[in-house]
Structures are given as structure tokens and as C-alpha cells.
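Read through the structures below before going on.
Here subunit A shows up in two complexes: once beside subunit B, once beside subunit C.
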Partner chain A sequence: MTGSFYASALEIAVSVVLLAAMVTLWRRSVRAIVRSLAVQGFGLATVAAVLGFHLGDPGLLVVAALVLGAKAVVIPYLLTRLVRVDPGSRETQPLVNVPASLVAAGALTFLAFAATRSVTAVVPSIAGRLIPVGLASMLVGFFAMFTRRKAVSQIVGLLLVDNGVALVAFLATSGVPLLVELGASLDVVLAVVVLQVLAVQLRTRLGAFDLDQLTELHD
Partner chain B sequence: MNASLLAGEALAAVVQVVALALGAPVLLGLMRKVRAHFEGRVGQPVVQPLRDLRKLFRKERMRPDQATWIFPAAPVVLVATVAVAGAISPLVTTRPALGGSADLFALVYLLLIGSTVLALAGMDSGTAFGGMGASRAVTIGALAEPALLVTILALSFGAHSSNLPAIVQATVLHPEILATPQRLFSLGALVVVVVAESGRLPVDNPATHLELTMIHEAMILEYAGPDLALVTVGEAMRLALLLGILVNVVAPWGVGAADSLPAIALGVVALAVKVTAAGVALAVFEVFTAKMRLFRLPELLAGAFMLGVLAVVSGLVVR
Partner chain C sequence: MLTLLLAIPALCAVVYAVVPWRRALGWLGTAAAAAVLVLGVVVSVGAVNRPAVTGLSGVLRADALSAFMVVVIGVIAVLATWQSVRYLDHEIARGASTRRHASVYGLLVQGFLATMLLAVLAANLGVLWIAVEATTVVTTFLVGHRRTRTALEASWKYIVICSVGIALAFLGTVLVYLAALHSGVHGQNPLNWTTLVQESHRLNPGVMRLAFSLLVLGYGTKVGLAPMHSWLPDAHSQAPAPVSALMSGVLLSVAFYAVLRFKVIADGALGPDFARTLLVVVGLLSLVVAASLLLTQHDYKRMLAYSSMEHMGLIALGAAAGTPLAIAAVLLHILGHGLAKGVLFLASGEVLLTEGTSEIDRVPALLSRRPVLGGIFGFGLLALLGFPPFSLFVTELNMARAEFQVGLGWAAALSILCMAVIFAALVSHGRRLLLGRGEKEQRQSTARLVAIPLIGGLAGCVFIGISAWPLATLLSAAARIVAL
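What follows is the complex of A and B.
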């Protein structure tokens, strides 16, 4: 893989990850939010694959396939099943409205770039310069978690944070060992399964996926 | 600079304005034809907007009694500003005469003069719908502005200049910058802003007959005869100009130096092909899109702003 092609492929894949994180704040339909999470998983897998081709590391390609399977197919599928119970589910009243969320997300991106200046100085490669994007995805995920009301969008926020961590790991260390990634992916899939069960419980108790209705403790 | 090149550039500028004035109504007709095709109708002939204009120009002048001088002046100012913007933009050549003054910021505010006088004229006519349309149009303009300015900033990184001909020239010389995230994000933002500024779906429905949902049409509701013809030409030219700038930023092929007549002719053909493709794509998109609720528009334009910010961020850090 030639140098400039590698650079632009990596940049575009990383941008897809960031853009997908932003789109989860932009869209209101929960179905669209889950779809953009799948796109982010695809972008993350592409980052791993591009790094794998560039470094000639077959282990990283297996990791890419693993990420693609877990984060672009299995997890979105599990969440889609959750959405199917309530197909018209929408973020009608997020705690911060959509335009303000987007401006905040832009500010968080700048914050991520400012905060990682010392880190990017240590890793003087093309991948190193893109590390802030991973942090930005994490911050956007946190933001989604505490401003969105639906259970599914909060799960998506958590997964955005996870994807951000994975992206930083890929870019900073030029690839994660297969075993570590296997463990991390299984962990996340398991967490989503547990959260899915919780969300279904929530719905049967409250008749809605709206976490704000959880105002008192039940035994 | 030698005399023949100067003459070529001046000629190119004139050609651009003429091509805009004649091509824009045809583009409008073509977009209506595409829509009619998808709706299973035969539709008007593609040149129908030109015939409508001829008819309107022959009609009697009718103006509201209470209107001041702003009302008749607005269509003229609109067409004049769009024509000047068209003359200095890199549509047919990367070096139109006075191209040095085609700074993107200047261009944006040149086009904004036209929108502003039209909004003033809408209020000047003294009708409820005129004022409502003007207020809505100004709101959308104000929301689109930050997105556009941030995007311009991102575009100017690659060329180290906010001069539009310089940006197009830099893209011609280094086509690989088209594949950078910075350019892709700016393209997304530009598309949204162009759709908003030219009043197409999902922002505004140009074919609506229901006054309450109108934005741009409500603003010009009181115009008739030759004044209406000028407004229509001005708006069509603005759409064609915005699409022309968009396609030349995205795909600057066939845009050369204006050193000979064949070069200018090639530029005109390339521009016509590209703008037609963009117009047809926009029309097809419109067929499958519903108009957005007015109160949801800030979300759409905030999305464009976000894309612009992402473009700036990736432009600042990645390169």
C-alpha cells in the first residue's frame, strides 16, 4: 500500500467514525441512531484493516474481521431487535436540543484536539495525529449518554465511548493483540445483551423505554 | 499580461453571464421535467420557463399602491448582484476577468444583497404573506450563514486562499485533495447550504400553492408581469450559479484558462454537462423528499454547521 493512499484511506475511515458519532446526536429516530452506530463499527473495522495492510500484520486483519462482526453486525442487530418492539421510537425531547447538541459536539471535538496535544506529540505518525478523533468520539458518546432519554440511545452512547477507546487503541499502538480484542469484543456484546434484557424489563414495567420515568425504587 | 489573454478573460466573463441567464431557466424546466417523469406525468417542455418569461416580460407593470421605491428596485438589484457574482466566479474558466475579486466571502455577501432586498421588498408590499415569507427567508439565511462561513474557511485551507478561482485552480493542480476528509465534509455542508439558499426541498417547496407553507413564494407573492419575470430569472440564475460553484469545487474538470475560443467553448460544454447532472440529481432527490417542518430546519442547518466544523478540524490537524 503506497504512503499517500494509506494516509487518505486511514483519514477517511477515521472521519467516518467521527461523523457517525455526530450523526447519533443529529438524528431523532432511534432506528437511525442504531444504523449510524453500525456505520461507526464499519469505520472502526476499516481503520483496523487499513492499519493491518499497511503494517503487513495478518493478526490485525483478523481483529478487523472481529470488529466488523461484533460492532457492525451483531450489536446493531441486537439493538435493532430492541427497537422493533417500539418501531416509531424517537428522541422527541432530549435534555439538550439537537442544534445545541451539535454545537456542543463541535466544541467537544476541539476540546479533544486540545487535550491530546501532548499525546499526539509522542506518536509522530499519521495514525498518531488522528488519536484526538477517538477521544472526540468518546466525549460525544458521554454527551449522548447524559442528554438522551431513550434506553437505546443511552446504550448507543456507551458503545460510542467503547468505539472511541478502541479507535485510540488502534491508532496509538498500531494494532491491538488478537486476544485482547477478542476479550473486549465479547465483553461489549455481553454488555449489550445484559442492557437489552434490562431495557425489555424496563418496558414491561413502565411501558416505555424512557429512563426519566424511573423516579422511584421498586423492590 | 498580454492583450489576447485579457480579451479572452473578459469574453469568458461575458459568456458566463449569458450562459447563466439563458441556461438557468432551461435548468429549471429540466428539473420540473424530471419531477414530472417520476410522478408519471408528461410535464411541460424543458423550455417552458423561457416562454413563461417572454410572456411575463410583455405584460403590463402592476405594483401595489402603498409600495415604495424598494419594491420595483429589488428585482433589478437581485438580477444585477447575481450577474456580477456570475461574471467573477470560476464557472467556465479558472481565470475570469476580475476573478481576483471573487473572494468567497465577497461572493457570499454579494448574493446576500439580493436575498436581503427581496426580503425588504416582501415587507414593502405591506401584505401579511409578504412579511411572513420575508421573516422566514431571513431566518433560514441567518441559520445557513454560519455553516457557509465555516465551510469556506475549511475550503480555503487547501488553496491557502479564500479566493474562489484560486481554490478551483488548486483543485485542478492537486486533484488528490478531493479525497481528504476535509473536502468531503465541506462538500456535505455545501450541499445542505445550497439547497437551503436556493429554496429547494426539503427546506422550501418551490411548487407549492399553499401560502401558509410558502417561504420564498410568499415573499414574492405581490410581484407580477416584468417584475416577476426579473425575480424568476434572478432566482433561477442564483440556483444555477450555486450549483455551478458547487460542481466546480467538487469536480473541476474542463475548467481551464481562457486563452482561446475552443477553451472557452469546452468550458461552457463542461459546465453545462456538470450543472445538468447536479440539477437532475437534485430534482431526483426532491422527488423522494418531503418538506421539513419549519421548526426542524435549525436541526438540518446545525448539521451543516457541524459538518463545516469537522471539515475545519480535519483541515487544521490532519494536514
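What follows is the complex of A and C.
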């Protein structure tokens, strides 16, 4: 892979990750939000694959396949099943409206660039320059978790955070060791399974399940 | 040996998955926990004289610190699994649980033990992270085991908040890995704790500062330290009592164990001040939050949960001091708090079973109506408040002394102020719960099978408070690993 092709491929893949995070804030239909999460998983797998080809590291290609399977296929599939229980579900009244959310996401991206200066200084490569994007996806995920009211959007927010961390790991260190990556992916998939089962249980108990209904426990 | 330690709860979980539930199977879990405890003692004896025991081709590693944590897990697990038998009997009898649910419960509790053991035995910090994340996944269904609306709500909050925290901890771990690769640590595995400690002085300080902050915030979420503590009172009050005992008594400390491991690396890379400042801030913040919310508490299980937050704050302050004396006190405090809080949660489960409410004001005069149970609850509260001869008295004293020695006197003074507020709050709640005149005909006895482990736990808490044997050598060996 030639240098300039590598650089642009990596940049495009990383932008897909960030754009997909933004789209989750922009769309109201829960179905579309899950779809953009799948796109982000695809972008993340592409980042791993591009890095793997560039470094000639077969281990990273295995990880790329793993990420593609877990984050672009299995997890979105699990969430789609949850959406199907409640079709046409929409994020009608987020705590912060859509235009303001997008402005906030822009501000969070700037914040991410400022916060990672000590890290980007250590990794002077092309990949290193892109590390702030991972943090930006994380912060957008936090924002989604705090401002969106549907159970599925909250799970998606959590996964945006997780994908952001994974992106930082790929860009900064070409991924964590394979054993750790395997264990971490398994943990994430299991956590989503648990969340899905819980959401279904809560739904049968409460009728339609919005996070606004989680108000029984407080001091 | 270390592999066997993990295999025991794992095999026991398999038995629960395969064999249909019957009452005797409940005791299998207790037997497994007892076996873990015995093996933990054996590992401790080995770890005192050697730097570390390894197993499973280097994935597992036990030094004195790990061995001590295995003992803590074993002790509380014996108490909790013993009481689980009664909890399941009761749930099945009143038709709230089917036999299948009982099997799932047994399986998950053993899985919970296995993941905690893996966390304290992991040689690799990535594996440590995987294990701590796995504890969240396993315990979520245990928190929601009663499947009431509130229990489900608590488990939702629990898994969402802890997953966020643990994602931050993963980012911190990745940054430590980055710092290691950057400083040329290659070897077999740059995420191995021993390698990182040896090379800690070469790690990039800028990256390590960000990494350690994220790790304290992330693992701190699971410890129940402010500002990410809000899951703790909900989960601890809604989970079945034996699960609350395990979560409060050991899971919080296992997460704190992760902070301690990273603190050693951060101290090597940044000097002692950075970790100290951070731990003082989160410790004091947790104490203030716990004190203010304890004052107005009207639910005895939530009261116990906030008290756990208080003790985790104290432990963070002790670790901030970081002298050998302070670390030994921190570790003994982990065991003492685990015993006292475990006993109290189990006793509160028994109160909930028989009284049917967890509101303090609706359970009056416990002491005169149920002398044994009320007595256990009362003595447990005294232990938590740090009365001698319970071990928490000695350890709180020594932690405060160490804080004064290293110039953290102001933090120790503030913590004592918070403890005074908490003291007043717990005494007042305890008085409402325990004292008063009960009617004679309501007087009930407590099953001996229930009382024995609880009294044993409190006796243990007294014993480790007055006798240096048998823990002294293990504690000082473990403290040397972490201390500055």
C-alpha cells in the first residue's frame, strides 16, 4: 500500500466513524440510529484493516474481521430485534433538540482535540494525528446517553463510547494484544445481550419503555 | 494451583447449569466457596516467602497482594453462599422463583466468584480489565433477580453506568499500553504488571497523567467513588441480600485493587504526588456525598449502601497516604469492612424476608422482638462505626495516623468530620430500627442456621482486630508491593 493511498484510506475510514456518530444525534427514527451505529462499526473495522495492511500485521486483519462481525453485524442485529418490538419508535423529545445537539457535537470535537495534545505529541504518525477523532466519538456517545430518552438510543450511546475507545486503541497502539481484544469484544457483545434482555423485561413490565419511567429509585 | 482456584467456581457453575435444581445443590456453592478460601490460604502461605506464584502459562500470577484478595473473596463468599440457600428456599416457597431461576442464580453467583478471582489473579492488566467488565455482565441479572420493577430499574442503571465507567478504564489501559510501547518496553507482553512496574520510570508522564486519571474515574465507578457512584445505592438495595453482601463486601474492593495496581505504576512514572492528589479528591468527595445522603435515609439497605461508599472513600484516603503502615491498614480495612458489611447485608436480608419492608420506620423494636437478629444488626453497626474491639477501629486509626505523617492532616481532619456526621446519622437510624418496646407475643426466634455464619463473621471481625496472627506477615508482604 503506497503512503498517500494509506493516508487517505485511513482518513476516510476515520471520518466515517465520526460522521456516523454525528448522524446518531441527527436522526430521530430509532431504526436509523441503529443503522448509523452499524456504519460506524464498519468504519472501525476498515480502520483496523487499513492499519493491518499498512503494517503487514495479520493479527490486525483478524481483529478487523472480529470487529466487523461484532460491531457491524451482531450488535446492530441484536438492537434491530429490540427495535422490532416497538416499530416506528422515534426520539421525539430529546432533552436537547437536534440542531443544538449538532452544535454541541462540534464543540465536543474541538474539546477532544484539545484534551489529547499530550497523547498526539507521543505518536507523530498519520494515525496519531487522528486520535482526537476517537475521543470525539466517545464524547458524542456520552452526550447521546445523557440527552436521549429511548432505551435503544442509550445503548447506542454506550456503544459510541466503546467504539471511540476502540478507535483510539487502533490509532495509538495499532490495537491492544489479541487476547485482550478477544476478551473485550466478547464482554461488549455480552453486555449488549444483557441490556437487550433487560429492556425487553422492563418493557413487559411497564408497557412502552422510556428512560423517563426509571424514577422509582431515588433519595 | 491458581488454575484450580479458578476452576472450582467455574466447574460448580457448570454443575448448576446441567443438574436440575434441588435443595442440596445450594450447599454445593458454599462448599466451592470454602474450597476457594482454603486454596487462598495455601496460596498466601506460598506467596509470603516468594515474590510471586504463576499459573496457566503466565496468564495468572499471585503475589501477597493477590493472595490476600483471594482470602477476602473466599471469606465473604462462604458467608454469602451459605445465606443464599435460605434466600432461594424462601423465594421458591413463596412462588417468586422457579427452580430454573434458582439454578440460574447459583450459576451466576459462581460466575461472579470466578470473574473476581480472575481479576485479582490476572498478570496482564488487559485481562484484569476484561475480568472487571465481566463482573458487571454477570452481576446485572443477579441485581435484577427478584424481577420487580425497582430491581429491573436498578439493574439497568447499574449496567449502563458501570459500562461507561469501565470504558473509561479501558481507554486508560490503552494509554498505559501506548506509554509502554513508546518508551520501548517490548518483551513478551508490555501490559504485564511486573514489566510495567520495572519500566515505570521511563513511561511518558503526560500520557500517564491522562491514563491514571481515566483509570481512577473508570475503576472508581465500580468502587462506588464519587462522582460516578449513583448506581451503588440502587443496585445494593435491590439485589438479593447475599448478592449485596458480595458486591459491597468484595466487588468494590476488587475494583479498588485495580486502582492500587495502577497506582504503583503511576507512582513510578509521576512521583507520589499525582496519584495522592487524585485519590484525596475522590475520597473526600465520596465521604461528603455519603455523609449528606446518610442523614436523611429512610431505607436500611440504602443506608448500608451509602456506608459502603463512606468506607471506600476512607480506603482511597488511606491509599493516598501510601506508606507501608497505611497500605497494610487499607488492606485490613478491606477485610474488616467486607466482614461487617457482609454480615449486615445478610442480616438485613433476613429482616426483609420476615418483615417484608426495607423502610426503617416500619421495622420498630427489632431488638426486643428478635433479640438474636437485632443483636447481630446492632453489633454490625457498632463494627461499621469503628468501635473497638472490631478491626475497623484499628485500621481507621492507623489510616488517619499515616495521613497525618505524610502531611495529609487536613484531609484526615475533614474525613473525621464526615465520619462524625455519619456516626450521628447511623446511630439515630439504628436506634429507630432496633430499640423500642415490642409486643411480647410477636417475639420470634432466629433460625440457628442463619445466625451461625453471621455471628461467626462478626467474631472474625473482632479477631483480626485484636490478633496480629495469622495475617500480619501476609499484610506486610502485600503492603510492601504497593507502598511508596
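Note that the second predicted complex is superposed on the first by the 216 of 219 C-alpha atoms of A that agree within 3 Å, B and C clash if a C-alpha of one lies under 4 Å from a C-alpha of the other, contacts with A are read in each partner's own complex, and residues count from 1 in each chain.
Everything that follows uses one rule, which is that a residue touches a chain if its C-beta (ideal position, glycine included) is under 8 Å from a C-beta of that chain, and two chains touch if they have at least 3 such contacts.
Small disclaimer: the values here were computed from a predicted structure and weren't measured.
Bringing the complexes onto one copy of subunit A puts subunit B beside subunit C with no clash. Seen from the CA centre of subunit A, the centres of subunit B and subunit C span an angle of about 150°, rounded to a multiple of 10. In the superposition on chain A, A:201 makes contact with subunit C only, not with subunit B. When the two complexes are overlaid on their common chain A, residue A:180 makes contact with subunit C while staying clear of subunit B. By the document's definition of touching, of the two partners only subunit C reaches A:138; subunit B does not.
Of the two partner chains placed around the shared chain by superposition, subunit B is the only one that A:11 touches, whereas subunit C remains out of contact. In the superposition on chain A, contact is made by A:130 with subunit B only, not with subunit C.
More residues of subunit A lie in touch with C than with the remaining chain of the pair subunit B and subunit C. Contact with subunit C, but none with subunit B, is seen for A:168 once the two complexes are overlaid on the shared chain.
Once the two complexes are overlaid on the shared chain, A:19 sits against subunit B while remaining clear of subunit C. Legend: residue contacts after superposition of the two complexes on their common chain; A:98 is shown touching subunit B, with no touch to subunit C.
Between subunit B and subunit C, the smallest C-alpha to C-alpha distance in the superposed model amounts to 20 Å. No residue of subunit A touches both subunit B in one complex and subunit C in the other.
Of all residues in subunit B, only 176, 179-181, 184-185, 298-299, 301-303, 305-307, 309-310, 313-314, 316-318 touch subunit A in the complex they form. Within the complex formed with subunit A, the residues of subunit C that make contact are 124, 126-127, 129-130, 133-134, 136-137, 140-141, 144, 147, 149-150, 152-157, 159-160, 163-164, 167, 170-171, 173-175, 177-179, 181-182, 189, 191, 204, 206-207, 209-210, 233-234, 237-238, 293, 296-297, 302.
Contacts from subunit A toward subunit B in the complex involve residues 4, 8, 11-12, 14-15, 18-19, 22, 26, 98-99, 102-103, 105-106, 109-110, 113, 129-130, 132.
Interface of subunit A with subunit C (complex): residues 115-116, 118-119, 121-123, 138, 142, 145, 151, 154, 158, 161-162, 165, 168-169, 172-173, 176-177, 179-180, 183-184, 187, 190-191, 194-195, 197-199, 201-202, 205-206, 214, 216-217, 219.
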